[in-house]
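Presented sequentially are two complexes of subunit A, the first with subunit B as partner and the second with subunit C.
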Partner chain A sequence: MTFPSFTLLAQSILAGIFTGAVYGLLGLGLSLSWGMLRQINLAHFALAFLGAYLTYQFATYGGLDPLLTLLVIVPPFFLAGIAVHWVLTRFQVTPLNSLLVTFGLTIIIEAVLQWIWTADYRRLESSYAEHKFQIQGVYLPLPELITLGLSGGIALAIWLALTRTDLGKAIRAAAHDGPIAAAFGINQRALALVLSGVNAALAGIAGVCIALSYTLAPSQIYSWIGVVFACVMLGGLGRPFGPLLAGCIIGISEAITMAVTAPSWAPLVSFSLLIIVLLLRPGRV
Partner chain B sequence: MTIDRRAFLAALGATGVGALAHRSVFAQPSGAPIRIGGTLALTGPFAATGLVHKLTGEIYVDDLNRRGGLLGRPVEWVLKDDQSKPDVTRTLYEQLITSDKVDLLIGPYATGSILSAMGVAQRYGKMIVHHTFGIPKLAKYDRQFPAWSFGPVPEVTTPNLVLDALAASSHPPKTIAVVTSKFPSVHFVSLGAREVAKKRGLTEVLFLEWDFGNRDFGPIAGRIKEANPDFIWTGALGLEGNQLLDAMKKIDYAPRNHFYHFPAPGPMVKAPEANGALSVTIFESHPPYTNNPVAARFVDEFRARATKANMPETSVDTQAAASFSAWQVIEAAVTANKSMDDKVLADWLRANTVDTIQGKLRFNEQGNFGDDLNRVKQVQDGKWLTVWPKDWAAPGATLRSS
Partner chain C sequence: MRRSLLLVLLAGALFAAVPYLSLPAYYESVLYLVFHWIALATSWNLLSGYSGYFSFGHGAFFGIGIYTTAVLASRFDVPFLWTLPAAALLAAVVGAALGAIAFRVKAVRGELFALLTLAATFVVATIVLNTPIDGGPGVYLSAVPMPEIGPTPSSSFYLLALAAAVLTIVVALLVYYARFGLGLFAIHDDEDVAEVMGVPTFRYKVGAFALSCALAGVVGGIHAMFVSYVTTGDTFTVTLPLTVILMSVLGGTRHWAGPAIGATVITLLLYSFTAGDSAVLGKAAMGVILVSVILFMPEGILGYLLKKLGRKPEAGRAAQAGLPLSAVPAEAPPEALPPASAGEVLLRASGVHKSFRGVQALRGVSLEVRRGEILGLLGPNGSGKSTFINVVSGHFPVSAGEIQFGGRQIAGIEAHHIARCGLSRTYQIPRPFAHLTVLDNVALPAMFGARQLDRAQAEREAWRWLAFTGLTGRARALPDELNLHQRKFLEFARALAAQPQLLMLDEVLSGLTPSEIDEAVALIRRIRSQGTTIVFVEHVMRAVMALCDRIVVFNQGEVLAEGVPAEVMTRPEVVSAYLGKPMADESGAPVFVAEGVHA
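Up next, the complex of A and B:
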């Protein structure tokens, strides 16, 4: 093993933070859904890729700036999230069954993506990709900086909303003890619908970020599931900053592993971290 | 390289390989159809390439029927979707043999699925011709025939071919970095590349392996930049090559000479940072390959149908050519023997050669592989062009090195 140069180490840490930002953004909606609604929503990943493909479509063929596609994507995703939650509650789907139902939904969305955009690889060519900053030999690409900014900003906004607003406090109360919250006049069902809409909108935002930095293929939905679940579990359910922090820890640990040793060891490090945390703090999930 | 047209057509006639010839010469087929069964990855992660094989098969079967079918009977292709899953492939080949009762088998796409299909074919003693099997040493069944002809030891011949090409260039490399996915079909060739490079006196400055499915190529790009080799051998499959190039671009590193084993041809040729990237091929849509009239007509037909199907890639390259060759092998064997007996056909194939659009195939070495018909291609100004050996190079194309 040869120790990497400062530049390589710094670049790798940055790469880890950037990757962690995507993990965090993808994990945020999942964490809120699991922690506060008791629904394990696998379709979150499929929705994110639907968002990514829509970004690709609007930007490539509609001439829209990729970031402006957020205005087109977020509202219908919010409504879609409400619809999915309504169906799950209407049929009283348990947390375990929600995993199965949303897995089925994931397969349906994947089939739709493949039907519309085929299984071929799609790459969003945007002007953002051409911009990067350089500090002391270390590069900061603009698309990744945008993702980091969005991930951090949204986590902060959600945290503020949950801790500083009456609506947020009501959501937390309903998640903590629904019957008692209802006794205090909180409309648990309406709040759950709003939160589901927000979670789906978060998937749409994550999709825009994925489209900015990654090449798209429908089957890649599944390649994110393991590591993002690890981030959600490491970060703690329902905690806005949890997935982002855990994502950065996993991203950095993977990147440093790749910079110092064999890149094929990187997944071992992240999942070993998860096992250690679960063993040391068994009540985390 | 020049091909004597008359001699070529005579050879086609002799082997029954008249693919894509004019319909008016032939009688229309009649009687019960000959059913050729197979699966392809029409959905799932391999579907992008699976659809290339589907289109190729449709073109071939349509043309075969226009030319009178096989043994005067129409040909029906019984195609099922294996969803890119080897376990599903196994079940479907069982169905094809026992329930659909197909007469002949053609292979699925990709090594894992072909291995599954091969096991089923072996159990029933069926011959199977396949087009995309990547690991010759695993091809143990004597009635399986690979139509992608890269020789029995690609871990030796492929690196030697590429390093021969670079050695003959204006900037022969002295140092090499071997970076590779651990995906089986590319991994063993990358390990072979290390050995071959060592024997040829190149200094290895970096060796890295990553798990297939890796998303973050930033640190790998960083290590390549630090090692700064004259030549990078990349054991990359599909998008991995693009992902690595993208990561290198983000840190302002342009590799001098770089090779990718199984790149996604479309995305790579479209990426500006891929200019100069090397790979191997058995066929490209340019002369001298298209001096073969069958190949030329296939290239035109493929382009027309792929455009109509809104496929992003409309050129014939390795995948489509291997697929076309598989159909040519089946047609040649059946026509020469006037039989569909699996043993008769298999025995004939092992004892004879078949003219295909990638060249003459033989099936008498390890795993029924024959000659290594790989050539070296390079991305030059947004096009894949064959650059080595010189007699297979696109008109005016030479290997660009730096």
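Up next, the complex of A and C:
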């Protein structure tokens, strides 16, 4: 164990923030659907990877700019989210069972990904990856900056929408006490459908970011579950900035752990943090 | 139960003969996997299916078993079979430690427990990977000698897995029919009520967790030898617990045989797909099955079939020990309790405080309950009557003050100990165990209350109390099928079956029709005539006046008045607590006068 130099430390912290941005973006949809719809949506990860593979496909074979694929991905994902939510409410699925149903969906999507793109690793080659800024020996890669911008911007937009618009206030009221909100004339079901559509769209956006910075394989879906859940719990359910902030905390602590010890120790930090939060502050959820 | 046990052992013996039939070896390897998953799923179900605490950390304990065997056998030359008890022990110790921490935090239930155990898996995996236990490259067991249990090496594995599966199923079956099992099912439905009725919930959960982990550890130990090369990447996965859950939910988590059925179906299905070179299709099929089972058959295959056959699993159990209805006398009085020496103090509360964060619900309540009396607790809404019952029964811990029951200090001790001292209560809104039959609902407090009866005795006792409360005809029903009146009487029967010295009734009459109230009043009289002391929270003044020997009036968390009902209710401070102070208008004449008001 050696103490890292200043540049290495700065680069680690920055890398942590960049990773945290992806955690936050992935966690946002999860946090909103858990906190406001009481559904634990494992399929969120699978949808994100579906989005990532579609981005890869359009960019590699269609020559489409990865950011433009957002326009193609978001509308159908929005509809898919609505469909999943409709099914879950139609059968009155409990939170725990929603976890199991969406796990089933995850397996199905994973099988589809494996069938179309095989289990081999895929990597998106985009022009963004060539751009790097350098400030005092610290590198700022463009794809990561895009992710950070999207993650922060979306969290802000969601926060504004939830706190400043009537629609957002109605959604929060319905999440807090559905029957009472309904008694005040809020169409809770329609709002829940819209929100779940937004969540699925967020998965699609996260997918584009994953495709920009990470190597893709169907089995990778599962490697994100643990740490992103840690961010969601740490950030508090249903809070727009929660997952992003928690993601950065976890990302930075992981990056520093990697720099100071071996990379393989990194999960210990995030999961110990999650366990501590669960035991000391279970009321956050 | 004995029949099921024999059936399982017989099936085990039959399967043990397979290696001697000289079938192609691949039968043995397929069946190895079937038994492997049966044992894993059934062991998971012991805690998670029975008590409803879904663990996503089964992979951690399976992995601890794998690495215990791998390290002991490959580095310390411990004979393979001797590593298995070590694997079980280590997994159980880690599981019990995790449980002892997690179960102390009340809010860690449901999804939070699932996440906690999932996180624990990754912590264990990271430690194993980065320490010399594994160190990164994995552990080889190819040099470890495999004992010759069967005629061929593959049959030895087959027989070991079979033994593990039979052992696990037998444990699951014994627990299912035992006091332990009923306690776990009660925890599943309503943990707080279970605790108040005398189920030692913490100990049961830790015990079930340790047992479940020990069995997973054994399976892991066997599997380490089977795969002969173990890595953390293949061992500690998210997919293992999810697969185990899928199997158990598919088969039915509320029955000992459910996980075994689910495991067999899924393993054979996956095998048939991989055999046909379409693993992807098999995976997709597994997903489709999981989704459709939860949507269309939430109770699982076994739950669905038992329902179709018109036999609820719980009802089936009750039928074995139940008495014929005609044998139950309509109003069998239970054996007389020690003669009530009237006037002796049974319960003494002094200076009891209870605050919920900022809200002071009780501010120094002192009162006495005398043996043999009916004491009415009255007061406006929010005055602290129900809180008092909740505090005395241990449902909430006291903030300060002392409560003595029969000379024993009960403030601050766990609720199940209070129940065992001979104190029982009803809930204002009935809280029956939703998945237990009416009979089991009543038998449970008889088993866990003051008298600690065994199951058969408790069921006989339950029949008696069902007759006493007029519920005999609904014994096999589930609480959902009862109307409000019957549910209230079920609350009565449950509280009575514990044979308490002190019975606390929390608004048992609210919501009943006048004729139902008359029935209930008669019932309460019958209870008292057996020598049971009763504390009675009620708003129905007709019943209060008819029943109570003394009343205590609460107001804003304090005792306002105490004495004989007719006298107390006319005191001006009591009247004003209920109806507010008369407000003088400008002429000085009261605009509102309350005289002889009976709430």
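Keep in mind that, in the parts below, the second predicted complex is superposed on the first by the 285 of 285 C-alpha atoms of A that agree within 3 Å, B and C clash if a C-alpha of one lies under 4 Å from a C-alpha of the other, contacts with A are read in each partner's own complex, and residues count from 1 in each chain.
The rule is short, and it goes like this: contacts are C-beta pairs under 8 Å (C-beta built on N, C-alpha and C of every residue); 3 or more make two chains touch, one makes a residue touch a chain.
Quick caveat, the model's predicted, so the values are computed rather than measured.
K.L.:
Overlay done on subunit A, so just call it for subunit B and subunit C: clash or fit.
P.N.:
Superposition check on subunit A flags a clash between subunit B and subunit C.
K.L.:
In the superposed arrangement, does A:Ala190 touch subunit B (first), subunit C (second), both or neither?
P.N.:
neither
K.L.:
Have a look at where A:Ser12 lands relative to subunit B and subunit C in the superposition and call it first, second, both or neither.
P.N.:
A:Ser12 contacts subunit B only, not subunit C.
K.L.:
Now for A:Leu160: first (subunit B), second (subunit C), both, or neither, which partner does it touch?
P.N.:
A:Leu160: touches no partner chain.
K.L.:
Of the partners subunit B and subunit C, which touch A:Ser264 in the superposed model: first, second, both, neither?
P.N.:
It touches subunit B and subunit C both.
K.L.:
Going by the contact rule set out at the top, does A:Lys132 touch subunit B (first), subunit C (second), both, or neither?
P.N.:
first
K.L.:
Check the residue A:Ile180 against both partner chains and state whether it touches subunit B (first), subunit C (second), both, or neither.
P.N.:
In the superposition, A:Ile180 contacts neither subunit B nor subunit C.
K.L.:
Check whether A:Leu79 is in contact with subunit B, with subunit C, with both or with neither, and answer first, second, both or neither.
P.N.:
In the superposed model, A:Leu79 contacts neither subunit B nor subunit C.
K.L.:
Does the superposition put A:Leu71 against subunit B (first), subunit C (second), both, or neither?
P.N.:
After superposition on chain A, A:Leu71 lies in contact with neither partner.
K.L.:
Which partner chains sit in contact with A:Glu254 here, subunit B, subunit C, both or neither? Use first/second/both/neither.
P.N.:
first
K.L.:
Hey, which part of subunit C ends up inside subunit B in the overlay, 56-64, 146-154, 164-172 or 236-244?
P.N.:
Comparing the options 56-64, 146-154, 164-172 or 236-244, the clashing one for subunit C against subunit B is 146-154.
K.L.:
Under the contact definition given at the top, report the residues of subunit A touching subunit B in one complex and subunit C in the other.
P.N.:
The answer is residues 111, 114, 262, 264, 266-267 of subunit A.
K.L.:
Given the complex with subunit A, which residues does subunit B contribute to the contact?
P.N.:
For subunit B paired with subunit A, touching residues are 43-48, 50-51, 84, 182, 208-211, 213-216, 218-220, 222-223, 225-226, 238-239, 242-243, 250-252, 264, 266-267, 270, 310-313.
K.L.:
Subunit B touches which residues of subunit A in the complex?
P.N.:
By the definition above, subunit A touches subunit B via 4-5, 7-8, 11-12, 14-16, 18-19, 111, 114, 118-121, 123, 132, 134, 139, 141, 214-215, 217, 219, 223, 251, 254-256, 258-259, 262-264, 266-267.
K.L.:
Which subunit C residues qualify as touching subunit A in the complex?
P.N.:
Touching subunit A from subunit C are residues 54, 101-102, 105-108, 110-112, 114-116, 118-120, 122-123, 125-127, 129-130, 136, 237-239, 242, 245-246, 249, 280-281, 283-284, 286-291, 294-295, 298.
K.L.:
How about subunit A: which of its residues touch subunit C in the complex?
P.N.:
Subunit A residues touching subunit C: 34, 40, 87, 91, 93, 95-97, 99-101, 103-108, 110-112, 114-115, 222, 225-226, 229-230, 233, 262, 264-268, 271-272, 274-275, 278-279, 282-283, 285.
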